[in-house]
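Look at the two complexes coming up: subunit A is in both, with subunit B in one and subunit C in the other.
On to the complex of A and B.
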C-alpha cells in the first residue's frame, strides 16, 4: 500500500451527526492509549516519536494490521511503548481496548487513528468505559468506506463503498445516510425503494 | 425575575451550636407545608431583616434531599464580614419567622458519573452532606475527603464518619494532616467526577492538579460563593429608573438596587451564577470586580458589572437599570 492511499480523505460537510475528525496531538495525561489500523499507523508513529522517552511508560498501543503486512508492526513496536499488542480484527482490538480501559484511571487519554469503522468503534468503547469525549482524539486516515447498520434487520455491514448497498441479511436495498450513531459507531442504512421494491436503483461506488 | 422575588415564609424550628464558630439553623414552612424539592448541592437565599438593613445571603442546604418537611443550613460566623453571619448567630432564635428563597442548584452531582469524589474544606462541607445522602440512596459510589483547620472546628466530621464509614476521610491541619491531591486524583477510576467546595486556594489546587493530570474539565466541579466584600460607600446612577442611589459600606450594590425598588435579576448573590450581570452605561473610575463570572477582557472593558459582589471607586458610575 503506497503513501497515497494513506493520505487524509476529504470529508464533505454534511448534517451535524456526521462525524468530523482532527489531527492527533499529545495532551497532558496520566496514560495515553492508542488504537490504529494500517492506515492510521503513521499518525501514531508521528505523535509517539515526539514524546520524551520517559513518557513511554504511559503509552499503550493497540494495532490492527492489514493481513500479511509486517513493516508497520516493526515500526510501532520500535516506539518502545509500555504495552504493544496487535490483533487481526478491529473487533478483537476494540475488545482489548475495553479490558485495558476497565483498569484505567481518570486522566487517561485515548487516541484513535485510521478508518472510520475503527475510529467509531474506539469512540464507542471509550464512552462505554467512562471516558469523557474530550479525552478522545480521532484522526481519520485511509478509505471512507462506511460501517452501516441496516435499520430494518439490524445487521452491521462493514466496509460499505457503494450507494445504495444491498443488505446481505435481509436483501433490502439500503440508502446509506449521513445519519450516524455514536453508540453503534455506524451510519444508518434505510430501504431506498420501499414504496416500489421493483424499482431499479443504480449502485455506484461513492465511499472511497 | 429572581428566585429571591418569591420568598417562602418559614419558622426557625431549631438552632444548634455545632462548635464555637458554626451554628446550624433548621427551617419549616410556617404552615407546615412541604418545602420545594431540591437536589444535593442546592442553596437557598436567606433574607435577614436587621433593623433598617435587609441582607440576603446564600447558604447551601445540608439536609437530606429526601426530606421535605424541613431545611437545614450551617453558618460560619465571620466577624470581619458584612454582618450577615453575625446576625444569624446573634439574632436568630427558634420560633422566629424568616423568609427564604426556593432552592437553586449551581453545584449538582453529575448523574452520569460512575463515582463521585468530593473534596471539602471547612464550612464547604455543607453541600456535600446533602449530596452524600443523595449518592448513598442512588447507590453510586462516592468518597468524601474533608479538611479542616482543627479537630474542634471540623463540623460534622464525627457524625459523617459514623454514618458513611470508609467513604469518609478526614484531615486536620493542626494534626499535620493534609489531602495528597496528586495521589488522590491519580487513582480514580474512569468516569469519576470530582467536586470541590472550600477556600479559594483549595479550589485552585484541585482544579490545577486535575487539569495537569489530564482530567477533562467537564469532570471537575467547584463552588465558591463569595460573601459580598465590605468597602467604602459609593454613589451610582440608575439610568432607566432615573435615580441616584448610595451603596453603604456594608451593603452590596445589588442590595442597594433592590432597596431602591428597581427591578434586577439575580440568583446566587455570590458572584457565581451570572444572573445579575448588568450593563455599565458610563464609568469614570475603577470597578472592583469581585465575581467569578466575567473574564479578564470583560473586566478591563468596564462595560459589565456583577452587582452582587462588585463595587466602585471613582467619580461616576451609571448602570442600565
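On to the complex of A and C.
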C-alpha cells in the first residue's frame, strides 16, 4: 500500500491492517500498468496526460466501466496507450492483469485507482505475480463499499455498504470489521449476534 | 513417570477435566494481583520439575484427546492447516525440532532413529510407527507441518522472516482463541495483531517484534497469555463462533465454577535452523474455575485480577456477558490476605 499522503479519499483512522491510500504519481519504470474502475478513471487520465508522448509505448491500461457508460472509455482510449482493454467485471480485469504481469519485465510499475474492492484485488494480484510492494501505487476514489469475506462460510461478498450485512450464502448477520487481508483483498465479516441469535440488530448504510 | 492419557471430549458432553495431580502444574498466568499487557517474554529454560516449563514441548494427560479433537476439526475444515508454498523447509525444521525434543524428553513415549536422511519415528501414545526420508515430502502422507502438527499439543504458526518483519505464512490452528488462520495467513506481525486494543499504543508489538527478529537458534523464549472460555472447548475459532457464542448465555451463578475455564496459552518462540523462520507454538491449557480455586493463592489473585481488569480488555476478551457474576463468585475465595509473588501455588 502506498503511504497515506494527500488523497481525495476520506478514510477514518483505523487499525493497522486497514489499508490507507495515496495519490498516483508517475515514477521511473520500464513498463506502467494501470487498473481502474469508473471512479478511478480520472486518476489514470490525470497521470497519463502528464507523461511525455514517447512513454505511451510503455503504458498498459485495464478498465472496468460502470455498465452503460462510454464517455470514460473514449477518454481512456484517447490517451494512446500501447494496450487498452476494458472488462465488465473486476474479476475479469484482474485476471487479465495477472496475464500481463506474468510477462512483465523487472522494473514494472503498477497503478491502481478506484474503489477499495478493485484496488485490493489489484494489490493481491500484483503480490501474487511477484511485484515488489514498492512498485505498486494505490489511489482510492469513489464509494467506500467494502469487499467482505464471511469468516463462517468463506463467501466473498462484493460492494457491501451496510453494517451489519447479511451473508447471502449462510444467512448469518455479519459485523464488518476493519481487519483486512491483503491476500484476500477483503475485510472480515463475523456473525454479530452469534451469542444471542434472537438479538435484533438494525442494519445501517455506513460504507458510502 | 508414566502419564495416564485421559479419554475425554472438548465438545458435545465436554467430559474434559483435570486430574487432582494435574491442577498444581497448571501455568497460572498472573504473577501479580493485577494484569496489564506487557512484553512478558522470558527464556524457555527448563524450570521446575513437573511444571509445564520442564520440557521443550510439554506432554500431559490430555495429549491423546487433544490430538483426536484436532483431527475432528481438520476433517471438518481443512483450511485450519495451510502453508504458503515457500514454507516447506520450515515444515521440516518444525518436524525435526518436535521429534528430537520429544524423543529426548519422553523416551518411554517417543523414539526417533536416524540413519542418514532415513528417519524412523515411533509415537506410542498415538500408535504411529513411520519411516520416511527427511526433506522428501513424498515420503510422508501430508505436508511435514501437518504430519507433526497432528502429533503435538497446541496450535503452531510458522513465521517467515523478511523485510525486517515476521509473516504468518504457515500454521496448523485448531484450538485458537478467536482468530482465523485462513484470514490472517500472509499478514505481517503488525497486521495480524491489528485487532488487539491498547497494546499498539503501549509499544508492546514494536518491542516484541524487535526481540523476535534477533531470536537466536537454540535459545527459545516463552510467554503466557490468557482468556476465559465457557466450557472446556478448544475450538473457539471465529469460523465456529455461532457454535460456541451461545455458550456464554448458559452461565449462571450456580454453574459458573464448572462452566467458566481459565484458558492459558503457553507461547514459545523457536528460531528454525534451515529456513530461518520462527516456530510459534501456542499451547492451550484449560482449567475450570472450581479447579483453579482449589489453590488458595490462585483463587485470591484471580478475584483481584478480574475485579480490576480494564474495560477494554473485558470487551476484547469477550467476557462482558458474565464478567460481573464471575467477579462476585470469585470474591468468596478472597479473604484479603497478601499473595506470594510469582505464578506457582503456595
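Keep this in mind: the second predicted complex is superposed on the first by the 200 of 208 C-alpha atoms of A that agree within 3 Å, B and C clash if a C-alpha of one lies under 4 Å from a C-alpha of the other, contacts with A are read in each partner's own complex, and residues count from 1 in each chain.
By definition in this document, contacts are C-beta pairs under 8 Å (C-beta built on N, C-alpha and C of every residue); 3 or more make two chains touch, one makes a residue touch a chain.
In this text the structure is predicted, and so the values were computed from the model without any measurement.
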Who does A:17 touch here: subunit B (first), subunit C (second), both, or neither?
second
Where does A:109 make contact in the superposed view: on subunit B (first), on subunit C (second), on both, or on neither?
first
Which of the two partners, first being subunit B and second being subunit C, lies in contact with A:101: first, second, both, or neither?
first
Looking only at contacts as defined up top, I'd like to know whether subunit B or subunit C touches more of subunit A.
C
Name the contact category of A:130: first (subunit B only), second (subunit C only), both, or neither.
first
For A:177, select first, second, both or neither according to whether it touches subunit B, subunit C, the two together, or no partner.
second
For A:62, decide between first (touching subunit B), second (touching subunit C), both and neither.
neither
Touch test for A:30: subunit B only (first), subunit C only (second), both, or neither?
first
Contacts for A:194 in the overlay, against subunit B (first) and subunit C (second): which applies, first, second, both or neither?
second
Seen from subunit A, its contact residues with subunit C in the complex are 15-18, 149, 151-152, 154, 172, 177-179, 181-184, 188, 190-191, 194-197
Name, in rising order, each residue of subunit A that touches subunit B in their complex.
27-30, 101, 104-109, 129-132, 134-135
Quick check: in the complex, which residue numbers of subunit C touch subunit A?
79, 180, 182-187, 190-195, 200, 238-242, 245-246, 248-249, 321
Taking the complex as given, what residues does subunit B use to touch subunit A?
114, 185-192, 210-219
